[in-house]
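Think of it as A, B, C, D, E and F in the order they're written, each chain with its own count starting at 1.
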Amino acid sequence: MFETIASIIKICFIVVCLLLPMAFLLMWAERKESAIMQDRIGANRASVFGIRAWGLISMMADAIKMFVKEDFSPPFANKRLFHFAPFLAMFAVLITFAVIPFGPEWTLLGHTVKLQIADLGVGFLYMFALAPLGIYAIALGAWASNNKYSALGGIRAVGQLISYEVVVGLSLIGLVMVFGTVQLDSIVVQQGDYWFNGWIPKWGVFLQPLGLLLFFPAGFAETKRVPFDLPEGESEIIGFNLEYSGLKFGLFMMSEFIEMVILGALLTTFFFGGWQVPWLFSDGFHFPWGWDFSLPHTAVVLLQVMSFLTKLVFFGWFLQIVRWTLPRFRYDQLIRLCWLYLLPLAVLNVVITGIVILVLQ
Amino acid sequence: MDFNHDFVAVAIMLGLAALISGAMVIIKGLLGPRSTNPSKELPFECGVEAVGSPRRGMHVKYYAVAILFIIFDIEIIFLYPWAVHFRQLGLFGFWQMLIFLAVLVVGLFYSVRKGVFKWQ
Amino acid sequence: MAVENPLGDAVITTKLDAFIGWARKWSMFPYPFVTACCGMEYMSASAARYDLDRFGAAWPRFTPRQADLLLVVGTINHKLSPVLKRVYDQMCDPRYVVAFGACTVSGGPYDNYAVVQGIDNIIPVDMYIPGCPPRPETVLDAVIKLQAKIQNSPQEM
Amino acid sequence: MSEERYIPRNDLNIETMQINLGPSHPTTHGIIQMDLQVAGEDIIEADVIIGYLHRGFEKMCEAHNWNQAVIYTDRLNYVSPLINNVGYHLAVEKLMDIEVPSRGQYVRMVLSEIMRICDHQTALAAAAMELGGFTPFLYLMKGRELWWELLERVVGARVTTSFTRIGGMVADLPDWFAAAAEDILLETANINREVHTLLTRNRIFIDRTRGVGYISPEDAISYGFTGPMLRSCGIEYDVRVAAPYLAYNDIDFEIPILTNCDVYDRFYIRLLEIDQSCRIIKQGLAKLPQGPVNHLDKNISLPPKSEVYGSIEGLMAHFKLLMNDNGVRPEAGEVYHAIEAANGELGYYLVSTGELCPHKCRVRPTCMPFTQALPQMIKQGMIADVVPCFGSINMIGGELDR
Amino acid sequence: MENNTISIEINGESFSFPPGTNILKACNMSGFPVPHFCYHPCLSISGNCRMCMVELELNGRSKVDVACVNTVAEGLKVLTDTPAVLKARRASLEFLLLNHPLDCPFCDCAGECKLQDYYEQYGNPEYSRFSEEKVHKQKRQSIGHNLKLDAERCVLCTRCVRFFEEVVGKKELGVGHRGAHSEIHALAETGVDNDYTGNVVDICPVGALTDTTFRFQRRTWYLQSVPTICPGCARGCNIELQFDLEHEYKRAGKRAQRIKPRYNEQVNQWWICDSGRYGFGAIDDNRLQQASVSEEGQNRTVSSNEAVKAAAKLIRRFIDKKGTAALAVLASPDETNEGLTALRQLFREGLQLPQIDYRLAGEPQGVADQLLKHADLHPNSRGCANLQLEPKFESGSLATQIESGAISGLICFRHDLPALLTPQQLEQLELLVVFETHVVEWNRQPEVLLPLAVYAEQNGSFTSFDGITQQINRAFAPSGEAGTALELIHALAGELKIKGVPATLEKARVLMSSLSADFATVSGPVAGPSRQVSKEARGIQHV
Amino acid sequence: MAQYVNHDQKFGATEAIYYPGIAKGVALTIRHFVVNMWFHLMKALRIKARPGAITIQYPDQRRVLPAALRIRHRIKLNEDGRLRCTACMLCETACPDNCIYIVPMESPEEVPEEKMPAIFEIDLARCCFCGMCVEACPMDAIHMDTGIAEMASDSRENLVLDLESLLKPGPIVCTGPAFRGKEILELLPHLKDVRAMEHQTQPEGSIYRVGKTNR
């Protein structure tokens, strides 16, 4: 019973306090951050009672406006699929977060709570099984729209997303080989180890640098953001969602941003130590140069959760930077990049990892 | 590990996600003005009238990629259990999987030579 | 569907109207119907120096379904006018039209056989921006005035 | 959708789909319609439909007098209006057989080069934006904005300059101009570097542009390409060298040549030309001679305002020039004069019958040949290639459709 | 070489002129125009503007002198554009402009001002060296009912003074004060008062004398001009009708702007009387725009075509019922010869009507004077007479015939019937078809009322009282649905199935010329309306 | 003299492996971000620094507008407070768009200029802001230097300026002061601050030097 209540609280926390706000923040960052790096100001005029909040209020206006915008359902479309697709897009990204640990075990009032919604033994498989639901959402929405641009966008999306799905999967094999588990929590815990007398944490980024270089573009491609925004391809085919109006379009957009949050979370979890803070152990900091700070358990947990969030925010920021820096791929180049560069390299990564592990054994 | 409990949590997650997404879609369906006119009921194509339907056979190249995906994705699923138990399997397991991967790579090479990724 | 209040007490509806009007005025996704010279100033107005984004009106949506604001930027001639009309028709409510520049307002210097003498002959216009092309300040001024107009008009829901 | 058209294209019976890019499409930043037959991502057939911005340039010029017509030349290539002004009035002056004083020529040259920079920056910005690079777009826009704000202080307008008159300019360059231009030149070079960093050494960008939109040098010549488009095909032709006008003969500069005939080279050559324009501006401002900018004949250029307000002679000369039946009337005859505009050879063909208005005012639009060649360029490629191809030809609707 | 000519050399070419010809005239006639302000071929020489400087060379001695005062002499060599001459002219101009006010912005003469023209051609490339305060004189003086004098702008050429003295024969203006303070002033307290005052505005080379009717109405460069003939009286003065068809929004329907005389040696020389000059208002004011048909007391507006059809039906029915003798036609002496020819063809040759006239008893007569004015206020009475548009047999005036019932149908062109016939007489008419240019108060509505074009709206010709047939030219399209007499009569003939009525001007001319010797030559500029006020036309009006 | 120079580009391994080029680009944008963010932060902390963006925050900040600007028209009064315009119609004649509409009338006896406009309208909807009317005006009456960019309106009728609004363009009749050195650099945040200057009332600023008046 306690676990169920805890789960509900955790889920509410994740969804209400983490995913949606993070997506919201990312949308804000999308505009504000791009503005700052482009020497401009970005949305800052919208205000409530004189509070402008650096343009955050503008995002609120966007959301409200999308709610009260005309809900256009094209008579030439397949109505059921047309309305189902945005639902599916949102649903698919919301559920993915279930297996990502955002904190260590927390002993609270005698109960031990895992700061993770579901520590499934098949965490990886859960993710790879459910995340691609989003592909269906796009494919269905694009097809249902019955518009040539969206049809092109849809078929591009399918081609792109399934291709990079393979690389995402393959690039993480090395990581699984290193950690010997597909349980995400376990992976994070193992990243709390250290090398070289505790100087360097055993984070995925050090264990699998090539894996990171492969996973990062592949994961990025899964979020359909520039330079991988071919399904949208605004200046070519306007986008797979061009017949959607108001919030239905907003849901597609929001799912993209949540995907970015998830990508950030996955990068954090796999390669940057998850909720681990370097040299923070369950009883406090133990620095390799000999300094020690003991901290109460709750403080440690909070620090670690904060660490997770900070990393998340950083990757959100970084992904935006990349998104606003690069031009867009072409479809065939994208596919070639995936199958001819990333995929063989991922295979190579598996082989190299195997050799290294065998040698070290 | 209480698997039951974790799956309950997943179920709750699924339910909540469905609730949120569904609520958004349904509430959106109720709000907003509505109007129509003959032009609005046509698909948008840069302001000119669309000729022909989008719903017809897509180019075969897209399907070639999809077929490759099916092959490789399934193989990757095979790789996961192998990777988890890689340390236990040792060198023999490594060679086995190397052969397996070699076959895959040969397949990939074959498809490259067949021009799956060539678009013109 | 206009909001009717059978009680005659319009407090709630006007508050709601004001609220929705507020949201709509700060979130205008433009559909830039860019044809000619004014496009240069539209680029300037949306670029860093003048930054239309500050008014929540900088994210161009190139599909009329998602756009709120039809920015008709540049000369519309008779060959192009059906295209403009169709794009306007395909927009979702609520929609606002800005005639950007002299050519769209009145035909401008092109008082001849080829050019539509003001797009208000084709579609209703909410805001006229004179200038050939209008300076970015004028564009921003038009956006501010349009926001006031949206805020003060009854909102359809 | 009942009217399905199945067009068997090849042995595989690949169905093609007809897609319209434009008239109102983000790629077509001028208004143009591209009617594509696509099989998957490949373009099988391409048809370019123009005329969406026809606004009767020639007829309007014929209805306005020789000086008034300049406002219509502004709106030809609205990215670099001043070059158009200069070209038009050089043609009129050739018709009237007069020459602007040497300061006037230098001023025209410097302003033309500034406009060339703006034009290239805009073209590059648009091309970058359409490839998804919004940040380079904004950086380049920033650079253009600098020049515009400088020009605004001299000319009074940001885009439509209408700055030249027969026999000179509306105003002289102020004395602070060189100092201000110096700083902006630095910033322009800086922005150029940033664009290089962001794009030209980026594999994604190279892939998108290298080898795309190929057109052979022979085809380029037979289509009538000029300007950067032609020079990116390795052909050495520039009106500034072939038939020097203004003060280009006194200036030391390079004309970059590239030989790959593709979108990358067209993009790159514009960046290089910006650098060269900076050089010309720098030298031009350094060499700027003293003296009047306007032709001194009272029957050609307006008297100074102080004379108009203060003396009956000035007032009468002013009236004689401005009253409709006493304005400038070139002798009957015809003339063609070409200059190197940002996009290539911009020529004006004028016919005078000795009347108040041009009898005929035909412009050789620089981007017309490019647009004609566009179907050939994009037919080799994919849908996504339309974007860089179109961006690289820098089509300007006002000039194309006139 | 004949005895009575003197041969001189102008710019290297030799010409011969009668003795006594002044050099300015000689140069002008030889195609080497010499600028001048005060000289006018019709006026005495005063030689005060010093603008007509030329270089005269006789017997190896040369000097720069005014061309107007000197007359031709055997062996004289004249050079009109040597540097010395140009310098002298420049100096003259600079002098004339010393005290000239900066009035071009509100001077009506701007655009047709000789000062401006000569400054453009001969003026100083440097601007004025005069930096002192200019002499101020009185502006805006009213010196006659239509004249305003601006003394500051005056260059004291005294053309106006001489015009009144020598042409009109009344000394009404004079020059007062001395030196830089000299100015023109009216001798009488009430200002000038004669019938030719407007001409001084034309001959004034600058904007000193302006016309109050045209003052500030329109800038001269907006005006287009067409050469035509004044319809004011039988003199047939040649005029330029100046009009503005652009700027429609501010014209308020007013097209004709002013009338300027046009030089014709035989008829009016350079002049025109005031009543002709200010008569252009009738072109646009109070015009009949649409045809109307009256049936059983119901009056309705119809198109001209329908009205012509109705008229034809009624005429046919009337003739069938009452015969041709009861139907009278009243042609108009204001119509063109061509229109009258068509009328004659239709009614006299075609329908064989005996009762055709062009006069009506009691019509107003003008007062003739010795210069231009003629008592007959219609431009084409002679044309009517030439075409024999007179009743075939005398049987009393139209009024008495109507009263007697001999005439019960009337087709009338442009006569003020309500004023000339009593209401009873009009009531007695069974059929009244009226072709009219202006709106007239009808106490008995005509059965058919057709709008007619005025002279400015059609091509054609008028024959003056002394038999000179001169062409009039169309300046603009007829107002409303009006048609020319030629068109309407041709259409009517078509409806009446009468052949032989000319449809075009040329056909009418052919027919005409066989009818009277006066019509053998139609004089006048054949060219259509010119786009702008031509420089040539302006040159003549200033001479 | 100009010469043709070949600039062909060759690509090597750094381009082939994507990452270096991308990293350079990302580094550039990050640099922009960090630098701008630093100045934003300084400003948020009320520390005097240049702004973090080149943006003009329009209704709150305004640019210093140059005197040569061609923007909304006005008609000047002369030193005695009389209308300068004498309805000479040169502006109307010079206007390529026919957007000026003048009806002249005779002015009262006491005014030296005999003629004045009864109606003077400029249709901003037509106007192409070419400045030819200013150039044509012989009386220094019409100017386009009000600095008023606020011309947008929701009806075309409001875009017609009548004589009254031309004479009283509003409180912010402005033109920037004459150029003082490096003012243009207001745009370059790397070199100088964005100058946010409120407009000052300068009713009689003219770009033209008015010469001797010896009328």
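The rule we apply is simple: contacts are C-beta pairs under 8 Å (C-beta built on N, C-alpha and C of every residue); 3 or more make two chains touch, one makes a residue touch a chain.
Note that the structure is predicted; figures quoted are calculated from it, not measured.
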| item | value |
| --- | --- |
| Chains contacting each of chain D and chain E, listed by label | F |
| Of all other chains, the one whose Cα centre sits farthest from chain D | E |
| Farthest chain (mean CA position) relative to chain A | E |
| Inter-chain centre distance, chain A versus chain F - centres from mean C-alpha coordinates, in Å | 47 |
| Distance between the centres, which are taken as Cα means, of chain D and chain A, whole angstrom | 45 |
| Whole-Å gap separating chain A and chain B, where each centre is the average of the chain's CA atoms | 16 |
| Residues within chain C bordering two or more other chains | 47-49, 51, 54, 62-63, 65, 83-84, 87, 93-94, 109, 132, 135, 157 |
| For chain D, residues that touch 2 or more chains besides their own | 1, 17, 19, 21, 23-26, 41, 71-72, 74, 135, 138, 142, 145, 160, 198-199, 202, 204, 307, 309-311, 315, 318-319, 323-324, 382 |
| Where chain A touches two or more other chains, by residue | 35, 37-41, 44, 66, 68-70, 72, 76, 146, 148-149, 152, 234, 238, 242-243, 246, 324-326, 331-332 |
| Interchain contacts (touch definition) - all pairs | A-B, A-C, A-D, A-F, B-C, B-D, C-D, C-F, D-E, D-F, E-F |
| Interfacial residue positions of chain E with respect to chain F in the complex | 101-102, 104-106, 110, 130-134, 139-140, 215-216, 219, 221-222, 249-250 |
| Footprint of chain A on chain F - complex, ascending | 19, 22, 25-26, 28-30, 32-33, 36-37, 40, 52-55, 57, 189 |
| Chain C partner contacts - residues on chain F that touch it in the complex | 53-59, 62-63, 71, 96-98, 123-130, 149-156, 159, 187 |
| Contact set on chain B toward chain C in their complex | 31-35, 37-40, 42, 44, 46-49 |
| Chain D residues touching chain A - in the complex, by the definition given at the top | 1, 17, 19, 21, 25-27, 41, 128-135, 138-139, 142, 198-199, 202, 204-205, 207-208, 382-387 |
